[in-house]
Amino acid sequence: MAPEIFTYRPGPEDFVWTFGGAASKATVRPGTILELFTEDCFAGAVKQESDLVSEVCHFPFLNPQTGPFHVEGAEPGDTLAIHFVSIQPARDWAASTTVPLFGALTSTTTTASLQPPLPERVWIWKLDREKGTCLFTAQDSDHQVELPMDPMHGTIGVAPANLEVRSALVPDAHGGNLDSPEMRAGVTVFLGVSVPGALFSLGDGHARQGEGETCGVAVEAAMDTVIVIDLIKGRSTPWPRIESDTHLMSLGSARPLEDAFRIAQLDLVRWVSSDCGLSELDAYQLLSQAVESPLANVCDTNYTSVAKIRKDWVPGESATSSVHRRLSGLAAEYRRTVETG
Amino acid sequence: MAPEIFTYRPGPEDFVWTFGGAASKATVRPGTILELFTEDCFAGAVKQESDLVSEVCHFPFLNPQTGPFHVEGAEPGDTLAIHFVSIQPARDWAASTTVPLFGALTSTTTTASLQPPLPERVWIWKLDREKGTCLFTAQDSDHQVELPMDPMHGTIGVAPANLEVRSALVPDAHGGNLDSPEMRAGVTVFLGVSVPGALFSLGDGHARQGEGETCGVAVEAAMDTVIVIDLIKGRSTPWPRIESDTHLMSLGSARPLEDAFRIAQLDLVRWVSSDCGLSELDAYQLLSQAVESPLANVCDTNYTSVAKIRKDWVPGESATSSVHRRLSGLAAEYRRTVETG
Amino acid sequence: MAPEIFTYRPGPEDFVWTFGGAASKATVRPGTILELFTEDCFAGAVKQESDLVSEVCHFPFLNPQTGPFHVEGAEPGDTLAIHFVSIQPARDWAASTTVPLFGALTSTTTTASLQPPLPERVWIWKLDREKGTCLFTAQDSDHQVELPMDPMHGTIGVAPANLEVRSALVPDAHGGNLDSPEMRAGVTVFLGVSVPGALFSLGDGHARQGEGETCGVAVEAAMDTVIVIDLIKGRSTPWPRIESDTHLMSLGSARPLEDAFRIAQLDLVRWVSSDCGLSELDAYQLLSQAVESPLANVCDTNYTSVAKIRKDWVPGESATSSVHRRLSGLAAEYRRTVETG
Amino acid sequence: MAPEIFTYRPGPEDFVWTFGGAASKATVRPGTILELFTEDCFAGAVKQESDLVSEVCHFPFLNPQTGPFHVEGAEPGDTLAIHFVSIQPARDWAASTTVPLFGALTSTTTTASLQPPLPERVWIWKLDREKGTCLFTAQDSDHQVELPMDPMHGTIGVAPANLEVRSALVPDAHGGNLDSPEMRAGVTVFLGVSVPGALFSLGDGHARQGEGETCGVAVEAAMDTVIVIDLIKGRSTPWPRIESDTHLMSLGSARPLEDAFRIAQLDLVRWVSSDCGLSELDAYQLLSQAVESPLANVCDTNYTSVAKIRKDWVPGESATSSVHRRLSGLAAEYRRTVETG
């Protein structure tokens, strides 16, 4: 039986700005394919170099979320699996900016100083969707350089635990504004469910992003994104996890950055230990030598660090892997259907 | 004219344990090839699973340094360039351990808690130098896995500024215990000179290491290492920099970890800006989208973060690149000589 | 005209567990005296040494809030003033505990480690409300010592900005779980209003607390508390501020702790500069020599630091001082009325 | 028998700039009274508003140390006790400044940003040594205010462990640039000895200082200081400790600031537990309710936090208390002798 396909293209009034606290836009069943449009982090308001964030954007109306969606049968203590089938820029340009008192190389409202903010700037990047490149154009010289696109979603998450509602600018245990380049097509993300229906949403597409998102803003793009979802009943997931064809990844979000690192590394030690059959100390040793630790963001309200290990280096298979395989299979089938019309 | 070759194999009494504060072992000229032996971080005392660090090692006699060497003509304000020709494990095994109150997933003497330390353990890794692999053997199950070797030096540095002498366990602006997997054969490291002669040394070889060195200890190995050095007069280098055939890299060491990140990212922005012809804001934007940020260590007295950009993405060539090319050429010539006997 | 008096004693079903996201319990006018009962942080469930938090409490049902109350006329951009007339323990005992993976001298869920948690313990403190003392009784020896009571509220806050709802365990710009010993009878706290009606609540009384709340739990007590409120229209307050008869105080909440310090110090520099007639640099200099910086908590989801300066050391009077005087006057009048029956 | 008196007034060539790495200026016996002169942190170079630090000072020649002194019989594992008999400003003025990229409310070389530094300024404070006050004079308005003097030493320390030599700008386990207002006349400081003779020195007098030393510079004054020393054989002291007539205090220095807090709190828990007869958990509980936690500095290479408890709240007497009493007695005797000529 072909999977159910749900298509949703929100209009300007349909976006939400939080994880939790918003009514579900639709109920979807595990196994459903969702074809979605997401607006860029500026809600589309930054279109040219003269569109300064402080003038055209209105805090906290940033990172517009497509969703939330109620997943049939999802209950606290379950795990929601979301597989990215494809993430494609919806326009032939993207925008990046500095934002006053935001970013890693400036004082901020919390790393507070008496210094004035950096100058406010907008860079428009041209996207060549055929070639899969994005073009940087310097403002103070004539340098241009084409970088490969590597489309990803900055935000994906569920309603948080503890009765909370969090801004779409915040990454935490519920996911949210993780800003990790690992959130690309082909991976499956696992999120612990805290409220009935999970209430997941996503947004904040990036045509590409450096590790750490140094200036606080990536190559921000509206996206046409296809996902397929599943539900793992009775399995809890304390922090966001990602599985690719080759790697298991844990994500930690906290400040200071070493705490984000600790969370991610400990979660991966425990994942490998509980699912794959190593003692905690053996897993600690193996990961210490084998782990990749790409930074996601060092600019948001919590910083995010990823811990990543090759699946063929651990003894057993994670319980998530069969879900990743099934969703990858549905994704392949969907792509074949689309291509063959 | 063939480059001068200097060979030095220290005996047990020849090691030093600090950067700065030790007499030069020899004076070497820029352009010299150095064939060196370095002992492992335990000074060779951990040879089997029963050799617990707390029993066989004597703090602060860890990270024995080979050197220091006085570089002819080096003066404060210059930059020392050290190119790694080859880094080869000197034995067919290496050791890793937990160390009480040391590492990222335990309380420590500074991230102090009332909890008892983790159990103390030793893992002996078998090295297959032909295949270039190292074998992990679990202690609490029968899992074994071969990982690729990726030999590197945890410590390389010069005498620090400010009249200081630092333990070989400390990474900072002088280099030292950076514990970065990027410090592998084929790269050139650039260190700012703070005292006459620079007084550089190296040690702490790792057969491989995960990013962040989570448990605080890598696959620790004695090394036969060949380097070739050069001197850039009148160029200062505020934090350690590395150049490979493809990338420019800046290293920052500090706590909390976000400060190490900030230092590295800002240094790379300024390097690209001053050497390669971008304004600081354009460099900030480009790097935000293009940077890789592999963590080095999140366990030492300072944490170390790397910022890394492809050389073909920046407009001009760094002044360091001609040095890297010349030293790479000397390295190639040396390898040909050695191979042809 | 005598001030309006509003009395509210919530039952077990009346508590809320968040700032924001809860319906107002009552609407109160500026100038109203509120006589309130607050339950302790454990919702009254820890009554004896055998009542372990992990068994009798149910996360996130901690820090029960009395309120929220809608303040007539309060709008975003205004400042709510709350003066503590009196804070009196409602029972003759109070409880403190360790909580697994919570507190400053243990690893936690974010400062994550592989170590097991500390032992779980409960200490019951006897309160002598006549003498104003609380009695510590050691469990592992026969030491007893009477400490002076210094009753305070750990939590006081308004609905947060940015459409968020935050757990009553969180301190941030909206106030919340600040856990500052400065929140005692006689002071006026100023909170920026983010939603119509402000929606303030309070709870988490402490018979006394050390600076930093090291183990994460104070001498937790139900309280009979009287407050009087006022509204400053058109004045925004970015972070919680407190005024006593002698001092101006700013509170910052963030991680790492130096960011909480920076926020509080910068806010006090700007307060003194904008209200009292010093340039920012002169205020920076004066405060650097004159400030007291008592820590509030170093255990909660954000840490909280206080910056505090004597009012007679700054040139002019803060715009808040007339509000503090008026509310102090109403408090004095109320106390006279109560005493004379 | 009257105590031995040693008088030492260094000239410009006599200062040292490190802890460790400098030859002893004199050998002194336990029980000796030392009458010392210390120059201000600027080495006396900032005398008027036009003397900008960046122009008249030469890094790292800051915090000139008077000493070091070799204490007869001191060996690693012992504890040096230094009692402050008196600390008196040597001139009728003192200086404070901003320093580019130094201080809590600016980006720095490690909390690195792209922002330009704050303006550089010098404030000259008038000292009235009769009245015991220091006069602040605003530069951008006509505000003046007299603050009480509270003279203290920013730096006091011994040669560090681990073969290191540290700049006099660094606070750590050896003491050094702690910048704590608790280092005032009447207290005894205890420092663990790491090298034969201890090699202690002091400097960096402050006429007064706010908690945290927000701008990085206190009211910097040359001092005439009298101390009396003692030695506790066979007692190790892991971090600096202070005893006053009323309090026991532990000092921790680290980054981030919460680690400085943790070190100090844990050291005080262990001090009270091992010396005064409480279990560690009982001490943890008592301190959590009883501790004062005044910040020392939040600007130096390590931040410093103090944990402080009243002596009459713990059951037994610390082994340090008899030393504090004896030195206080010698101090009283010395003052009587001086007063009666």
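Should a chain be cited, it is by its letter among A, B, C and D, assigned in written order, with residues numbered from 1 in that chain.
To be clear about the criterion, a residue touches a chain if its C-beta (ideal position, glycine included) is under 8 Å from a C-beta of that chain, and two chains touch if they have at least 3 such contacts.
Values in this document were obtained by computation on a predicted structure and should not be read as measured data.
Trainee: So which chains count as neighbours of both chain C and chain D?
Mentor: Intersection of chain C and chain D contact lists gives A, B.
Trainee: Need the most distant chain from chain C, centre defined as the mean of C-alpha atoms.
Mentor: Chain centre farthest from chain C's centre: B.
Trainee: What is the distance in Å between the mean C-alpha positions of chain A and chain B?
Mentor: Whole-Å distance between the two chain centres: 33.
Trainee: Cα centroid separation between chain A and chain D, in whole Å?
Mentor: 49
Trainee: Which whole number of Å gives the spacing of the CA centres of chain B and chain D?
Mentor: 36
Trainee: Where does chain B touch two or more other chains at once, residue-wise?
Mentor: Those would be 105, 111-114, 118, 255-256, 262, 265-266, 269, 281, 284.
Trainee: Going by the contact rule set out above, which residues of chain D touch chain C in the complex?
Mentor: Result: residues 96, 98, 104-105, 118-119, 121, 123, 125, 134, 136, 138-141, 143, 145, 147, 208-219, 255-258, 261-262, 265-266, 269, 277-279, 281-282, 284-295, 298, 303, 305, 313-315 of chain D touch chain C.
Trainee: In the complex formed with chain A, which residues of chain D make contact?
Mentor: 105-107, 111-118, 256
Trainee: Considering the complex alone, what residue numbers of chain C touch chain A?
Mentor: Residues of chain C touching chain A: 17-18, 20-21, 59-60, 109-114, 161-167, 169, 252, 254-256, 259, 262-263, 265-267, 269, 280-281, 284.
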